[in-house]
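Letters A, B, C, D and E name the chains as they come in the text, with residue numbers starting at 1 for each one.
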Amino acid sequence: QTAACLITKTDTNPFFVKMKEGATAAAEEAGIELSAFAGKYDGDVETQVAAVESCIAAGAKGILITPTDSRALVPVITQAREAGALVIALDTQFEPADAADATFATDNFKAGELIGQWAAATLGDEAANAKIALLDLNASEVSVDYQRDQGFLTGFGIDVKDPKDIGDEDDPRIVGNDVTDGSPDGGRTAMENLLQIDPEINVVYTINEPAAAGAYEALKAAGKDEGVLIVSVDGGCPGVKDVEAGIIGATSMQFPLLMASKGIEAIKTFAETGEKPQNSEGLDFFNTGVELITDQPVEGLPSLSSAEGLEKCWG
Amino acid sequence: MSDTSEPARKGQDFEQTLDRSDSRVAEFDARRHSPIERVQHVLHDNPTLVPVIVLIISLIAFGLIAGGKFFSAFNLSLILQQVSIIGMLAAAQSLIIITAGIDLSVAAIMVLMSVIMGNLAVYMGVPSGIAILVGFAGGAAAGLFNGLLITKIKLPPFITTLGTWSIFYSLLLWLSGAQSIRGTDIDANAPFLKFFGSTIELGGARITLGSLLMVLIFVALWYMLNKTPWGRHVYAIGDDKEAAELSGIRTDRVLVSVYMLAGFVCAVAGWASIGRVGSISPQSFYEGNLQSITAVVIGGISLFGGRGSIMGALFGALIVGVFQSGLRMAGVDVLWQVFAIGWLIIIAVAIDQWIRRVSA
Amino acid sequence: MSDQTPIVQGRNIVKRYGHVTAIDHSDFELRQGEILAVIGDNGAGKSSIVKAICGAVTPDEGEILIEGKPVHFTSPIEAREMGIEIVYQTLALSPALSIADNMFMGREIRKEGWMGKWFHMLDKKKMEDFARDKLTELGLMTVQSISQPVETLSGGQRQGVAVARAAAFATKFIIMDEPTAALGVKESRRVLELIQDVKARGIPIILISHNMPHVFEVADRIHIHRLGKRLCTIDPKDYTMSDAVAFMTGAKEPPEQQAM
Amino acid sequence: MSDTSEPARKGQDFEQTLDRSDSRVAEFDARRHSPIERVQHVLHDNPTLVPVIVLIISLIAFGLIAGGKFFSAFNLSLILQQVSIIGMLAAAQSLIIITAGIDLSVAAIMVLMSVIMGNLAVYMGVPSGIAILVGFAGGAAAGLFNGLLITKIKLPPFITTLGTWSIFYSLLLWLSGAQSIRGTDIDANAPFLKFFGSTIELGGARITLGSLLMVLIFVALWYMLNKTPWGRHVYAIGDDKEAAELSGIRTDRVLVSVYMLAGFVCAVAGWASIGRVGSISPQSFYEGNLQSITAVVIGGISLFGGRGSIMGALFGALIVGVFQSGLRMAGVDVLWQVFAIGWLIIIAVAIDQWIRRVSA
Amino acid sequence: MSDQTPIVQGRNIVKRYGHVTAIDHSDFELRQGEILAVIGDNGAGKSSIVKAICGAVTPDEGEILIEGKPVHFTSPIEAREMGIEIVYQTLALSPALSIADNMFMGREIRKEGWMGKWFHMLDKKKMEDFARDKLTELGLMTVQSISQPVETLSGGQRQGVAVARAAAFATKFIIMDEPTAALGVKESRRVLELIQDVKARGIPIILISHNMPHVFEVADRIHIHRLGKRLCTIDPKDYTMSDAVAFMTGAKEPPEQQAM
């Protein structure tokens, strides 16, 4: 039987929990023996390194990994490849991307860009006077964090300066950045803090949907639950329901189950034929796609309604 | 003193002069003290003044740096709101630190209990009131578990709660499936869980019931610690456990009650956190343990036990809140906020040491 | 219960600490209304045997009877609840708490009325008054304030607090483990007077001491401990201090033990 | 003893018989011990045996559960590799815990120094050797900072290092710009930074120089603690600081040396971590502090100071490594791994307590 | 330096603890080759003044001269380096370490040869042999093994270890703060003999004690401390114990202080 591994960033994020469920189901079907690993926190390089090593020791044919640090894990997966394993990055790319045999991921910059474009289009002329709050992940600025943040700003039409640095922008429309740890309590506090700086905030970017939920609570408590656009990324079912309820204006849906099933499929093919998967055309990764979910579609920006979203959502 | 009427001719010869001995108590000339010494003395006699003063100074400092907005009733009430959950954890933590213990599991107990309340009330249709009571019982049970390990198996509190933190944390991930319970689902099925999120408007200030609850918890615990026999016993245990045992305190029983009460307070904080956060997320308050300890030490409660007032922890939590809010309003990067909190801890405790030195 | 029944009787008590046997099949007896002195070399096991009697350590073997009834104390609290008070060699005071708090540790007085009943509110004033009275009575009020933390007292002053506490609350008997070791001449004398006073109230006392003049002054009987067991008990009227010292140090054979 | 020849007629009358006194030392009949007591005694006299036995038992248990693969030379050497960095941190932590302190900043010092070494050698063209020495000096300086706060300002170690952890952590995020330094850049510009990543193949086993370094550090520290005057002083301070001071130890100086040495060991671990991970990641080892403490307590070193052998911490780290590897190979969910480690901590220390009870 | 220069001279020493003044402008003097006893009520400030002399506490005011030269000890280590040894009331032993380790604390013997020189290796055997010799000399070898941790000893045995340590290493003078307080009759006697023995070696001793017979037996002069200051110094040959007790307790006016 073919052995394979799935290594996710954490076990506390529903996104990865779903990904694991999807991969486990797909592996069972494909007759692959899958072991799952996860870091203890976002950025836990050490645990992921140990996990890759254990996979090598166990003679895994393929490794699916969501690298918690896109640079730091390159050396160890290079070892894994030398040991004959197929390494596929899920969700987050390595730097350089070709450090892995393939990547099945959301284009995180694109995910940010879509909600940025949506927000700008929704505001129309008012976009020039927008007051934007940016609710990011944490002080360590991991790749998904800056990609989404900078993608959003780009989509909104703001000069991001260094595209790998959060917060170096000087556009007056930005009220400020704060961190949320991707959790509702962090989202709420961060939103309150930024409202303190400027109560007129009318656009809120959030790193993910749990943070968006917290931000909404803060707005509601401040009596500003109407008239503020909250945008987010993820497409988890709770988030899509929040779109339906009008809490989140628009969200970029990712497809963790697709990443997982594609990954398992690729390992199966590799084990049988030695063939490696191909990237999407013109990209250095296989794009598992991103869908904009909103109940207020805007011109020129394809999107799905929350009802359609609920059929595709995960978790 | 003895009621015999025979002449006091007892003991060895040289002791015979004793009845004539002087019974004066040493009285020394009151010398003049330098102003700084006098300050030191006043603070030494009222140790909780220190965090109060630090709090006032930081309020003023940030008022100057961050501008008038900082001083608005709204902002001040917001800070109170923001510290309410960590403040409650700090209250629980203080109880334990006064016994010379430490509890690394407070935040895990709190989140675990909020998940249990949510699962029961939102998904399983249990009436909210009962779900909350189950959560309270769970908090006390978690505290009991800690307390029994510490008293019966005699494990050090640090190690015990390092271990139970892992256990409670994995349980909460398991129970929640790592998923948050959405605010709208709570609103629809069990709005009472959000009770402590309700606000009272009071001229610009928006005070949540959660903030009031925090203050109430502190006052109640302060009363228990300072005005009841139980409180004396808690302090005595923290001061010198063996001496307390020998002088007739059932130290194990008191310690277990302290851990249970702390667990219960954590569960109450868990309920309040639902109102504060608006949803129930297994990922929240991951750093709540260290944050609660930070508040306690900034509040001047000794980690060695037996010394310090629980009110200090309230001020400690507020100081941290003021710093975070102030730095944010002054536009300081998160990075440097972490840096500033580090120095805050060191400086606050250094001042405390300076005051205590007066008696050394 | 006849007047002959001893207050405390210990039979064949054994206590081991790891490799060390601190009490080696020793007997013990305290009679009604007496002052029993326990003397012996350092390390003979004097502290260990009285700790065994009051439940501060649990003996490995042997039997303890209080007023003829077997007891199995698992903690000194149980002994205390029977009216047995102990002044430990290590004093057992909480340094950061006040003198009054320490005196009432574990038996605090609550306010009268509903605040005391329902909210367990302490009656600080009553406790402080009582503590001040007791210390004054003992002539130990050389302290500046009753609400002073014990850690600010000298060794001797602390000893005074511990002795006063025991004297104030004992109803059955008191054990004192070297209560005057740290005390000055004047203070020692006060404690000796106090011991006799307590005896006059009908409460027997076990006094461990290395001070022979003190022992011979106050003791009704002397229990001589040697190498982990009771060597003999003597009446101080029948023997001299030199005899006692000779017995306890092994310089002289002890008398044949009669049923005294 | 006195050299006067006059008859020994001194002191009070009753003391005159003393020269005839018996000089026998109490000797008690050796009684038979139950087997379980005998085990307890043996373990009590050799406390480090406990973690060794736990280690052996867990090796066997996981060998049975996880199958033969677990026992391969390859896997065992891998475990050694995987614990090497936390092991080094645990060595540094042990030093401090033996003095009755605790260091919450070890992991931050380590990562900060690896970032400094990397920045200098990879980006600024400083020769690797010098960059590494700068890192070592930095580690010692960070330790010095902790040590001075603890001895001069008399802050409790827990609070000091809670504060400096924040400070060091924010500095490392700042210096690194929160970006990792890539392995390929290190290979190109400063391969020597990866020195400790080199492996020696030894029939199936792949032993890295980093693993050997860890063992070496433990042996060296063990020697220092047990065979030199300095080591006696470290233990004495942990046992009773005031007594050590009064009996002539310059406790502050020794404490500062301990913190500096610990900081230095952390910096060495920082260098080794570059070889281990293959790159320099500012976010790694965020939980290294608690992990190092876990290893130390599982290794039977008392958090109250003065007791336990540093070798225990090595075994403690290995036990955790064996557990994690074994559970991983047995396909246990991370969630339940966390759960198991929680119980491991509690049970290991409970066994330790049971053994110590023999002397209570 | 003439033979008349006192070994230690303290002038006008003041030490305050918060609100309490423990030493209140007190003088102090220890002469060459003498045994100076310090007596006084509990809390009179005896421990405080000797601590001030040896640097264990830093006086707030006043001057201390050792052999005529002003010193400003900031820690007892500096005093120790001059050959001053102290037996503290609290003993200052490390419970978990062995008797031998404790005796050599801070002045361990290293192995001869390169292991000692370069790797600071301890010579355990030499230290244990020396410690055993010293304890045997003092007749304090009632312990089971020299490598036994101090925490397994009785109070009296511990005191013996502390006294033996001071006697073994002092070259200038020794301060003993109630060294026999916890000791049995036999052990006290040994310590008194030891004190005289040390004196015979030419090393002066400061002895704080509450035991009048002991004081009058060994002291050359008696310093009487009362209410934080030196009340007077007396020659035990000129006064009785009763006089001394009367002075120290305030029952009798002290003699006009001549330059004795």
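Quick note on the criterion: contacts are C-beta pairs under 8 Å (C-beta built on N, C-alpha and C of every residue); 3 or more make two chains touch, one makes a residue touch a chain.
Worth saying up front: this structure is predicted, and the values here are computed from it rather than measured.
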Contact-graph separation of subunit A and subunit D, given in steps at minimum: 1
Result of counting contacting C-beta pairs for B-E and B-C, higher pair: B-C
Furthest chain, CA centroid comparison against subunit C: A
Distance between the centres, which are taken as Cα means, of subunit D and subunit B, whole angstrom: 31
Centroid distance [mean C-alpha coordinates] between subunit C and subunit A, Å: 72
Centroid spacing, where centroids are CA-atom means, of subunit C and subunit D in whole angstrom: 45
Residue numbers of subunit E (touch at least two other chains): 17-20, 43-44, 142, 144, 152, 185-186, 212-213, 245, 249
Residue numbers of subunit D (touch at least two other chains): 12, 14-15, 18, 21, 26, 170, 173, 335, 338, 359
Residue list for subunit A, restricted to those that touch at least two other chains: 11, 41, 139
Complete list of chain pairs which touch one another: A-B, A-D, B-C, B-D, B-E, C-D, C-E, D-E
Subunit C residues touching subunit E - in the complex, by the definition given at the top: 17-20, 40-44, 47, 89, 142, 144, 152-157, 159-160, 178, 181-188, 210-212, 245, 248-249
Residues of subunit E defined as touching subunit D within the complex: 56, 75-77, 80, 86, 88, 90-97, 101-102, 104-108, 110, 119-122, 137-139, 141-144, 152, 165, 185-186, 189-190, 192-194, 196-197, 200, 213-214, 217
Subunit B - residues contacting subunit D, complex: 149, 153-156, 158-160, 162-167, 169-171, 173-174, 290, 293-294, 297, 302-304, 335-336, 338-339, 341-346, 349-350, 353, 357
Subunit C partner contacts - residues on subunit B that touch it in the complex: 1-3, 10-12, 14-15, 18, 21, 23, 25-26, 223, 227-230, 232-233, 235-236, 239-240, 242-250, 306-307, 359
For the subunit D and subunit C complex, residues of the former touching the latter: 12-22, 24, 26, 28-29, 41, 44, 358-360
